[in-house]
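Below, chain A partners chain B and then partners chain C, in two separate complexes.
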Partner chain A sequence: MHFQAEESEVPMATTACFIIVSRNDIPIYETELGSAAKREDAAQLHQFVLHAALDVVQDLAWTTSAMFLKAIDRFNDLVVSVYVTAGHTRFMLLHDSRSDDGIKSFFQEVHELYIKTLLNPLYLPGSRITSSHFDTKVRGLGRKYL
Partner chain B sequence: MGREVSESCVDSLLTEMVSSYCDRFYANKPELAARRIEAIGFQVGHQLSERYTMERPRFSDNLEAIKFICKDFWSELFKKQIDNLKTNHKGTFVLQDNRFRWLARMSIDPSSEDGDLSQDNSAPVTENKAAQATSMHLYFPCGIIRGALSNLGIPCAVSADISSLPACELLVMECIRLYLLSYAHCIAFISTARYSFFSQSRSSCMIIVIFHPCISERALRFR
Partner chain C sequence: MVGTSKRLPAIQRLVEIKTVAEQLHFKISTLLLHGGKVGEAVTWFRQHNGSYRRLVGTPEAVFLHWEWMSRQFLVFGELLDKSSAAITNISSLALGTADKPLSEWESRPAYYYQLAAHYLKEKRACLELALSMSETGNEMDNGAESVVPSAYVGQFARLLEQGDEFAMQSLTDEEYIRFAVVEGKRFQDSYEIIALLKKSYESYSNLKVQRMGSFCGFQIGKEYYMAGEFNNAKQLFDDIASLYRREGWVTLLWEVLGYLRECARKYGTVKELIEYSLEMAALPVSSGTDTQMKYRENGPAGPASLARREEIHKDVFGLVIGESGLSSVERNDDLKITLDNPLHLEIDLVSPLRLVLLASVAFHEQKIKPSAPTLITLSLLSQLPLTVEIDQLEVQFNQSNCNFIIMNAQRPPLAATADDKQGHRVESSSSLTLSTNKWLRLTYDVKSDQSGKLECTSVIAKMGPHFTICCRAESPASMEDLPLFKFEDRVETSPTKDPALAFTGQKAIQIEEPDPQVDLNLGASGPALVGERFIVPVTVSSVGHAVYSGELKINLVDVRGGSLFSPRETEAYSLDSHHVELVGISVPEGKDETQLDTDEINKIQKSFGLFSVPFLKCGESWSCKLEIKWHRPKPVMLYVSLGYSPYSFESTAQKVNVHKSLQIEGKTAIVISHRFMLPFRQDPLLLSRIKAVADSDLPASLPRNETCILLVSAKNSAEVPLKLLGMTLQEDNEDTGRPCSVRHEGEDLLEPALLVPGEEFKKIFTVISEDDSSKLTIGTACVTWTRDSGSKAASVLTKQTLPDVNVESPPLVVSLDCPPYAILGDPFTYLVKIRNQTQLLQEVKFSLADAQSFVLSGSHNDTVFVLPKSEHILSYKLVPLASGVQQMPRFTVTAVRYSAGFQPSIAAYTIFIFPSKPHFKGAAVGTGG
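Coming up: the complex of A and B.
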């Protein structure tokens, strides 16, 4: 079968790495989204870039009262976008250039999921999120918005 | 996510919680019961603050966070705002509610052991006991406020005071941390960790001095 790609939509491999960092700078959730083939060194590189971007987030977070901080850091052709909640939990996404609206919606939906996780009385705030349900949902949101 | 709960259910739950902790679990140890109730409130406040701050921009200031507690947070919980907010601009805030919803249906009878429902009291001893009985019900909202504020980045200690029954005052004191200058210098980690209540005779506050090397992230920002 022959698929005709439209002018505006060029199908290409997308890479994205998403982590949630708690207020104590401990990563509580990490995942690779996107459809690129997973390479071993790429995974570590992604984590390294995201953790290095934490300093930038720290400075920026105090200058604005918005939750969604757009692209705050670049590395080669990858961009880091961050969303900070009132409780200073940071959602960080490493991606190649993508539309801001999609990313913002993705962050907002993940924020709702995160609040639902927090509402669980058996979840200790600041500990790792190990629920597979959460994982599945985040991946689904990643496919939907990214 | 914005569902409502019947108020009578909440009242019954709170009354039952206080009486279980005070009369059954920690029967002769009101201090421990108070701490457990306050800890439950802490977790609830933590979760609620995360939930109610979702739609609005973040806070740039401690005062804004306290104002959020007084206005939006209180109206989500009790459908009214805090009536009066006073501050000494040095980290202490007094929140006054003239008709606190969870105390609205309570009255104290000092003559009977169970605290039954009639209005007059005169003897100071019985008044003290009655005040203590009622004050156990205030540990939960104190915990809620403390949990909400710690989630917003303001470690604090909250205590409450009942002047006349449906009105109560909540006192919020921020924990002040000074810098660790050198290992030889003492850090005053001044915290008034109070689990006992004021009654007519004000209790003095405890000042705890601890060596505390941790610096809060806000303090880092102002360096």
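Coming up: the complex of A and C.
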């Protein structure tokens, strides 16, 4: 059809924004994943969307015993997936439609990383994670699963 | 028309398709929602949205697509809004399918309004682009005016007027675009967007979904900002900023603050501009993300990076210090900090500017003596990206004479400060430079002459000639950390070098009272005696301080705690309920007239007294006497405290207190007891005695019309000798008349009787009951006494009410009659008289036992009848056989009617037998016969 060509003009955004929110609602780690060209305003918009999605998490987290809450919110073509740890730390991923399986694996691996960070006696729970090692690992996981 | 129809040009064809799809979708949605099938409607909408979203169209007509998208969301949102009134509980509906679950928000209209606004923004952006491209096409305006919707849905045509004829002419795509652009220009998209977002914002607020609401609010604020309505924008941004501050979303906060800062700049409010700028400069936006932030088209805040923070920091301090050359500031003349327009910032405990400057103040000690110096450590912390040089620090206390100023030695003293540092201590510090996240610690001496609490209230930092920041002082012990500055790799630093002080340091210190230099003496000796006005001399003697407006407070407190009267007895002693009471305060005569002014406080209550002390110069002394009266024996604590000010008469002057206490025992001085005695060898038969032998509580009984003897004795139970001045028996109720006569045996004391401790004083009264009443009130025994202390002390009256006695008529009275003594071998008569006082014949049995020392004549046993109102006399003759104190033969009388036996006491039988007739001299010879 005539429209077929037009559709392909829209770039397939592979953007994803990942944030860890502590139990006090303070973000302790944030990163942009994905390598494709990003739209203007994106990072800021992503954070706004993720922050707004905290409202939903708050309601939803207590209704289920599962840690992976799947896609809880969508904004336009962006979807928010959330993983809540036992300590009520929330991993929030903003992404475009994608398979749940990859996201779930991503979250589980990040959880393991996060626990390793927590085990560090010098890390004060609730403070910002600034370790470059953690950052590199998370980015690696992002490339692997997303 | 149908025949002439042909394929429309591409753009118009797409428009037609979408318009038709919109119509169909509208109808389907309406039907679904009307049937209450929200879930299905939402799924349907998602499908509709999914199929058309990508049909963007040619680049020049993209705005048409976004406008259409926006309309889809708006319409569906409105439909949902209307129907959701009927559906009460949306969340309970089973939404969505298993593979694509619906999020909760997809059933809320707010979600659709928000997205409608989002697409409308896209449309506006594209339209602006299209407008800029078609700037030259103005001449076509008149042509566009005649374009109207044609008969078919989604089609447009040009209306041609040819005389009265109307003809529709189809358009080319270029013509259509021009028409659409002109149409688009007519709409105020900004207001539309704001209206949509507001709807969404309100809806979220109603649902108490704060974060979603904040996102909408941020978008509204941005629109307002772009529309130039800074006031509205600022309000919204302020609300949102507080949420982000609380939750620590630094990137978002940075963004919002950027807008706020611009709003303040546009308004020309310097204070806010500086505040927002400082907050931004101090935000912990991580510097590591610089590279990835490059692509962003930022708001006015600029990229959240360390470089940008430094830039803002320099901007602010350039403005503050007054160095011009700021490109951004020069535009606006109002944005100057001058002498007429100085800037003063307040940072309190909840201010977001705590990041900028945090002042922690700790005293090294908790308690000091007045005028003793103590150390205070002042610690300042700033998170600003660059180092800050402070010109001058002023430390303020609640006692303003402790305030001091710290000057920066490296800076030339500021001219403007020369006048306001008068009277304050000025210290100088080699460096007042604040580096990022590094405590600046300064330790100085402080001393205060005033007792009480000394608290550091604030620290004022002066930077530049007209800029000050007043920072509320915080105690390190209770200081909260900066929530935004918790980093994994950040070393926790304490405000003071001494870690113990960092945990326990306080910004306040207690200054003790100066040591009193006045002696207070309570000179009471020995225990007090009940009833007397016990004197406690109080001496105030100055040994170092003069006494200004001195005040003596006197308190009497029960030693065992509790009050000085027992609640059980309050009714009986309602007037005199205090067992111990402060009766008076007396000042030695000769001095007091001039000193006791009328306006001076002079209050005395039962257990509390307040008394003014006159002005005393150093070395003088003054004394007074407290008079305390005990009503009951009771130990009491006497507290006397003297409050005075050592330097002046002013009421605000500092008071020094001296306390003294003394325990005083209250003791009973005189114990009064009494006894009734009947005439010797005469015993009436009292029936009440026979019946209740066991019960000893019964009041004493007296025979009627007989003379009885009352023996009242007063015993000194105190430890000091007392002088007894007199003893009387007072009648309680004079007016009713006394049913008996009481006579004093002997006269009143001519001179006081001295009673050593334990000694007893006795006095005899005779009582003759005359009346017929069965009760007899004896009266009150009153003993007047005084201490045998040499000086003339006031006499004390101790009273004791004697209990009532019963009076009854004895039916029989037995009396023995014999001489007072006998002589060996000389016979004498021993008479037993039994008097019957009743109207009845009394049968009386009697028996007499033999006695060793006597020979007797008369009957031993018999029963006699005593006639009414008469007397029967048994007569015996006795001859004593031994000398000395001898027992006469005992006899027993039994009244048969009352089954009462009677035996006189041993004393009644005892008689002294002289071996030969004694020879008495003088008057004694006469009585002896």
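The working rule: the second predicted complex is superposed on the first by the 130 of 146 C-alpha atoms of A that agree within 3 Å, B and C clash if a C-alpha of one lies under 4 Å from a C-alpha of the other, contacts with A are read in each partner's own complex, and residues count from 1 in each chain.
As a working rule, a contact is a pair of C-beta atoms (placed from the backbone, for glycine too) under 8 Å apart; a residue touches a chain by one contact, two chains touch by 3 or more.
Fair warning: this is a prediction, and the values are worked out from it, not measured in the lab.
Within the superposed three-chain model, A:20 lies out of touch with both chain B and chain C [touch as defined at top].
With both structures placed on the common chain, the touch criterion links A:84 to chain B but leaves chain C unconnected.
In the overlay built on the shared chain, the residue A:48 is in contact with chain C alone; chain B does not reach it. Contacts of A:30 after superposition on the shared chain: chain C is touched, whereas chain B is not.
Shared-chain residue A:131: touches chain C; no touch with chain B. Residue by residue along chain A, chain B and chain C are tallied for touches, and C comes out ahead.
Using the contact criterion defined above for the overlaid structures, shared-chain residue A:70 touches chain C, although it does not reach chain B. By the document's definition of touching, neither partner reaches A:94: not chain B, not chain C. Shared interface residues of chain A (contacting chain B in one complex, chain C in the other): none. Residues of chain B touching chain A in their complex: 1, 43, 46-47, 49-51, 53-54, 56-60, 151-153, 217, 221. Every residue of chain A that touches chain B in the complex is listed here, in rising order: 23, 58, 61-62, 65-67, 84-88, 111-112, 115-116, 118-119, 121, 125.
Residues of chain C touching chain A in their complex: 10, 14, 53-58, 101, 103-106, 115, 118, 209-212, 214-215, 218, 244, 246-252, 255, 284, 286, 288, 292-293, 295-299, 483-484, 486-490. Against chain C, the residues of chain A that register as touching in their complex are 2-3, 6-7, 9-10, 24-27, 30, 32, 38, 40-44, 47-49, 51-56, 59-60, 70-77, 117, 122-124, 126-131.
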